[in-house]
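Here chain A shows up in two complexes: once beside chain B, once beside chain C.
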Partner chain A sequence: MIETKDKLFGVVDLNARFELTKFKPVRAILKSRWMPLLPILLNLFIFVIILLAAFTGGYSAGNYNFGIMIVWILWWVLLMMMLVPGLSRAWCMMCPFPIFSDWAQRTKLFDVKTGKLGGLNFKWPKKLSNMWVMNIAFLVTTFFSGFMTVMPFATFILLGIIILGAFIVGLVFEKRTFCLYLCPVSGFQGLYSQFATVEVRRKDWDICKNHNPKTCFVGNENGYGCPWLRTPFDFQKNTYCGMCLECLKTCPYDNMAINLRPPGVDLLVETKREPKGLDEAWKAFIMLGIAIVFYLAFQGPWGFFKDMVRGATLPGYLGYIAFHATFNLLIIPGVFFVFAYLSKRLSGNTDVSLKTIFTNFAYTLIPMGLGVWMGFSVGILLPNGSYILRVLSDPFAWGWNLFGTAQIPWTPVLTGVMGYLQGAILIVFFAFAVGYGWLLAKQIYADAKQAKRGFVPILTFLTLITLVFLWLFVG
Partner chain B sequence: MKITKPIVIAITLVLTVAFVALVYFGMTHARGAPVAVPPLKRATLVSHYKTKSLDLTQGVALADWADIPGTEVELVYQVMVLPWSKALIPAVTAKSFHNDTELYVYVSWKDDAENRNLSTGEFGDAVALMFPLADDVPPSTLMMGFLGKQGVNVWHWKATQDKEFWSKESVSNDAYSDFHYPFEEQETLIVSKSALQSAISDLIAVKVTTTTAKATQNVQGRGVWDASRGEWRVVFKRALSATNLKEDAAFGHGTRKLMAFAAWAGDKGDRGGRKSISDWVQLEFR
Partner chain C sequence: MMRKKVVLFATAALGGLCILIALVGIATPAAAESPRERFFEIHAKRFDYTPGTIQVNQGDKVTVRLISEDVSHGLYLDGYEIKTSAHPGEEGTLTFVADKTGRYTFRCATTCGEFHPYMVGYLNVEPNSRLWIFALLTVGVALCSAVIVLR
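For the complex of A and B:
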């Protein structure tokens, strides 16, 4: 853990940690090989039903389809509102998609295979060992959002491609290469997990320093070397830690811990192994831009835009793709660049590069974007959540009533106050963005005066974004 | 077994072909195995044939509707477009009859307050009926904005308009700024409106924000608020035959027509898109 003197909002000690694994039962559970195999198997079962429902659902109405409702209402909302901000990449821990390639590589599901793993074990190209491929993959996936969120079969195709891709990539490349660099869902989880209130970290550096070989990296009879190709003994950010728990199992000194921590601590971290990069900055821009476009498309009043997104006409759909890509890849970063440039000019600093200012301040968009997505998720859950009760009882729309909830009518909940709820969430996360923005300004610029002047344009940008979303949410 | 390049290539090919075949099968068998989908349970409003007609200048009399069975239509929040409704009118009760030339629809709903005036932060109560002009409409009214090129015919009764039309009373303060700007022949900010022909606006719409008054206003109506029961009763009246099939909903004895309801509670802040709406209701002429 990197010690910092800074305090968030002047009061929150960013070095504060509470180790959850200091409790013996917790550590015992997490060190068992049943973890995370059990939740993975449970999710595998759920996703089999999702795939079957999405396949048999075909082109039928998405609101009565188990696949659509569980993936795009329940899972997405859980991910954005609880799993990522609370538990970091806990979803990656229990994601069932890589289980087939893991099995093929290890030839074992439960026990540990020592020695070289199976598969071709190619290394992923260094130039692509970042978020760029995931950025494009996620953006391209959203081109089809107007179909995936309403048409069960489109969801089936998407999930099928991801599962197939994870398996084949796992046969060709080493360990969890797919999760690290290709999975469309992985990128934003990695980015936003920097804000999470949970982390996996080593406890005592001296123990790790003197421990050879580093079993958390190379593995031993208790577990595999980090499947995510990290070095658990010294990583400082959640971004690429898939929380697979192998390092807790392989450390003979119980020197790995799962900690509770103040949200957002990783935003201030910059090490040689984990530098702040343009790939992550663009991920933040893309996520913010997609949130705006999705809001306009799915919760906004502009019918013509909805028609474009759902492909009512080919020219309209191509127009949407062109606008969506340009807006996310160029316009949002371009606007932010102007504010970054103003920051440099106002600060009066000539030593720090504009690229550094642009990249580092882009990390303020992590809490901002997370808040926006949480607000958007509230807008999905409250009006549509009641459909979930219905599809649980009748997952294939075959007239079943497993839990007696199949006849529950569509019942929007608290929609009268929804806008205010979304606004409140947004303001809380705006506060985090401003709080961390100020700390980043102090990191970027040489002295407090420069930092104050240089932070003004960024504060203005964050305020404008917040006002735009407040207008969208509250109307 | 050692996983070699040829094995990986073979697995990749087999799985990819299998997946593509599965997708093709799914696309050509959209719902998988044939499934008997039960028909949607829609509320039905029967328009009974009667020989009588109603004179709306005499108000709305309960006795005229006493022998006609009502249909309770559940409403839900409008949450498709902003602004979303803040309050819910849970249901309206609808009745209908027709004679050889006219259709009558009666709508009542609980409302503790009569709101017939407009002011800053003050809005009127209202109710509307919506009829699709085309036959092939989406299965839900929630997507009112996407009813196709032909759109819908909407009959919108407003308590404020009712007061203006029937009582000839103003519903808002007559305070206008720059009604006539000095030296200008025309109104600079248009606040005058054409003389009301009815308590009901006869409208057409093809999607959200396109609601437009028709050139010919064919619907009459009247509403009364019953203070003792805290209830609105509104009657709509229109000729059975359509004046213009492109704009007017078509009806006829022995036919069926979809319709939907919307209601506004002015004291709860309902106006415009802030309203409670129903799903489609089957209107049957017997």
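For the complex of A and C:
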């Protein structure tokens, strides 16, 4: 962990950690090979039902379809509101999508295969070992959100592509290359998990220093070398740690830990091995932009835009794609660039590059974006959550009533306080963004005076973004 | 130096004032203008309402006629938790007193096609104190953090 003497909001000690694995039963459970296999198998079961329901649901209206509701209301909302901000990549830990590729590579599902893994084991090109492919893949996926979130069969195709893709890529490339650089749901989890309140980290460097070969990286009879190609003994941020728990099993000294930590500490990490990059900056822009476009399309009253997004006419649909892509890839980054430039000008600093200023400050958009997505998710969950109860009882629309909830009518809940909730969430995460913005300013500009002046434009930008979303949510 | 102090103090005061007004705003209900009777005719078609936004003042007695232009649609009003539905050739009505201020979404309540969950419109009940309270809070937080940092 990188020691920092800075405190968030002047009070929160960012070096504070609480080790969850110091409790013997917790560590024992996590070291068992049943973890995370058991949750993976459970999710595999759930996703088989989702796939079946999505397949048989065809092109019908999806609001009573199990696949649509579980994926786009339950799963998505859980990811954004709890899993990622709370537990980092806990979803990746229990994700069933890559189980077939793991199986093919390892030839074993439960026990550990020592030695070389199966498959072609190619290395992913260095140039693409970042978020760019996922950025584009995710953006392109959102071109179809007007279909995927409402038509069961479109959701089936999306999930099918992910599962098949994971399998094929797993046969050709080493380990979890697919998860690291290709999976469409990986990018935002990686980005936002930097804010998470949980982390997997090594404890004592002195133990690792003298341990050769480092079994957390190469594997041993208890587990595989890090499938996510991290070096567990010294990695610094959550972005690419899939929380697969292998390193807890392979470390003979129990030197790997799962910690609770203050939210957002990874935003300050900048090491040679894990530098701040334009790929992550663009991921942050894209996520913010998509939230705006989705809100306009799905929670706004503008029918012409809905017609564009759902492809009522081809020119309209192409117009949506063009607007969506330009807005996310150019306009949002462009506006942010202006404020980064102002920051440099105002600070009077001459030796930090504009690119560094731009990239590093973009990390303030991680708390900002999370807050925005949480607010957005509240706006989906409260009005439409009751659909979930219904589809649980009758997943295939065959007239079942498994839990006696099949007849529950669509019932929005707490819609009167929804706006207050969204506003409050937004302001809390705005405060986090501002708090980290200041710490980043001090990191970027060595001189305190420059940091103060350079911070003002970023503060202005964050304020404006918050006001924009307030207007969207409650204006 | 003196000037800087004055500017900082003024900013802090302004930020504090914003937060104060916001907090007072939460506690006090806005005084309503004299209430009126309001009639609206909302046309529903897959997948929007025309007009998509209707504006009233707090206390107004609002009557909405919902007219369907194609298939059956509904209208559920967030916050007020009331609804009506309209079928081709058969309109629905909704009457209520707009006592809750702020913007509330109204949503289609009868499955009418694949985009049905996204078929929404807005009811604005002025004054939208929610927006102003949160906006003032945001600006207040921003000004205060500026002062804390720059001091």
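Rule of thumb we're sticking to: the second predicted complex is superposed on the first by the 475 of 475 C-alpha atoms of A that agree within 3 Å, B and C clash if a C-alpha of one lies under 4 Å from a C-alpha of the other, contacts with A are read in each partner's own complex, and residues count from 1 in each chain.
As a working rule, a residue touches a chain if its C-beta (ideal position, glycine included) is under 8 Å from a C-beta of that chain, and two chains touch if they have at least 3 such contacts.
Remember, it's a predicted structure, so these values are computed and weren't measured experimentally.
K.L.:
Taking chain A as the common reference, can chain B and chain C both be placed on it without clashing, or not? Answer clash or fit.
P.N.:
Superposition check on chain A flags a clash between chain B and chain C.
K.L.:
By the touch definition at the top of the document, which applies to A:K7: first (chain B), second (chain C), both, or neither?
P.N.:
So A:K7 meets neither chain B nor chain C here.
K.L.:
Touching A:S60 in the superposition: chain B (first), chain C (second), both, neither?
P.N.:
both
K.L.:
Between chain B (first) and chain C (second), which does A:W438 come into contact with in this model arrangement: first, second, both, or neither?
P.N.:
Touch partner of A:W438: chain C, not chain B.
K.L.:
So, does A:T466 touch the first partner chain B, the second partner chain C, both, or neither?
P.N.:
A:T466: touches chain C, not chain B.
K.L.:
Touching A:F430, do we find chain B (first), chain C (second), both, or neither?
P.N.:
second
K.L.:
A:W410 contacts which: chain B (first), chain C (second), both, neither?
P.N.:
In the superposition, A:W410 touches chain B and chain C alike.
K.L.:
For A:G419 in the superposed arrangement: first (chain B), second (chain C), both or neither?
P.N.:
Touch status of A:G419: both partners.
K.L.:
Touching A:G399, do we find chain B (first), chain C (second), both, or neither?
P.N.:
First partner only.
K.L.:
Touch check for A:R33: first (chain B), second (chain C), both, or neither?
P.N.:
neither
K.L.:
Please pick the stretch of chain B from 128-136, 182-190 or 218-226 that overlaps chain C when the two structures are superposed.
P.N.:
The one stretch of chain B in steric conflict with chain C is 128-136.
K.L.:
Which chain A residues lie in the overlap of the chain B contact set and the chain C contact set?
P.N.:
Dual-contact residues (chain A): 59-61, 299-301, 303, 306-307, 383, 410, 412, 415-416, 418-419, 475.
K.L.:
In the complex of these two chains, what residues of chain A are touching chain C?
P.N.:
Against chain C, the touching part of chain A is residues 10, 59-64, 146, 150-151, 297-303, 306-307, 310, 383-384, 410, 412, 415-416, 418-420, 423, 426-427, 430-431, 434-435, 438, 452, 455-456, 459-460, 462-463, 466-467, 470-471, 474-475.
K.L.:
Where on chain A does chain B make contact in their complex?
P.N.:
Its residues touching chain B are 55-61, 104, 118-120, 153, 156-157, 160-161, 164, 167-168, 171-172, 299-301, 303, 306-307, 383, 397-399, 409-412, 415-419, 472, 475.
K.L.:
Name, in rising order, each residue of chain C that touches chain A in their complex.
P.N.:
Its residues touching chain A are 47-50, 52-53, 76, 78-81, 100, 102-105, 107, 109, 111-122, 128, 130-131, 133-135, 137-139, 141-142, 145-146, 148-150.
K.L.:
Which positions of chain B touch chain A when the two form their complex?
P.N.:
Listed in rising order, the residues of chain B that touch chain A are 2-5, 8, 11-12, 15-16, 19, 22-23, 26-27, 29-33, 35, 37-38, 74, 76-77, 79, 81-87, 139, 145-146, 207-209, 273.
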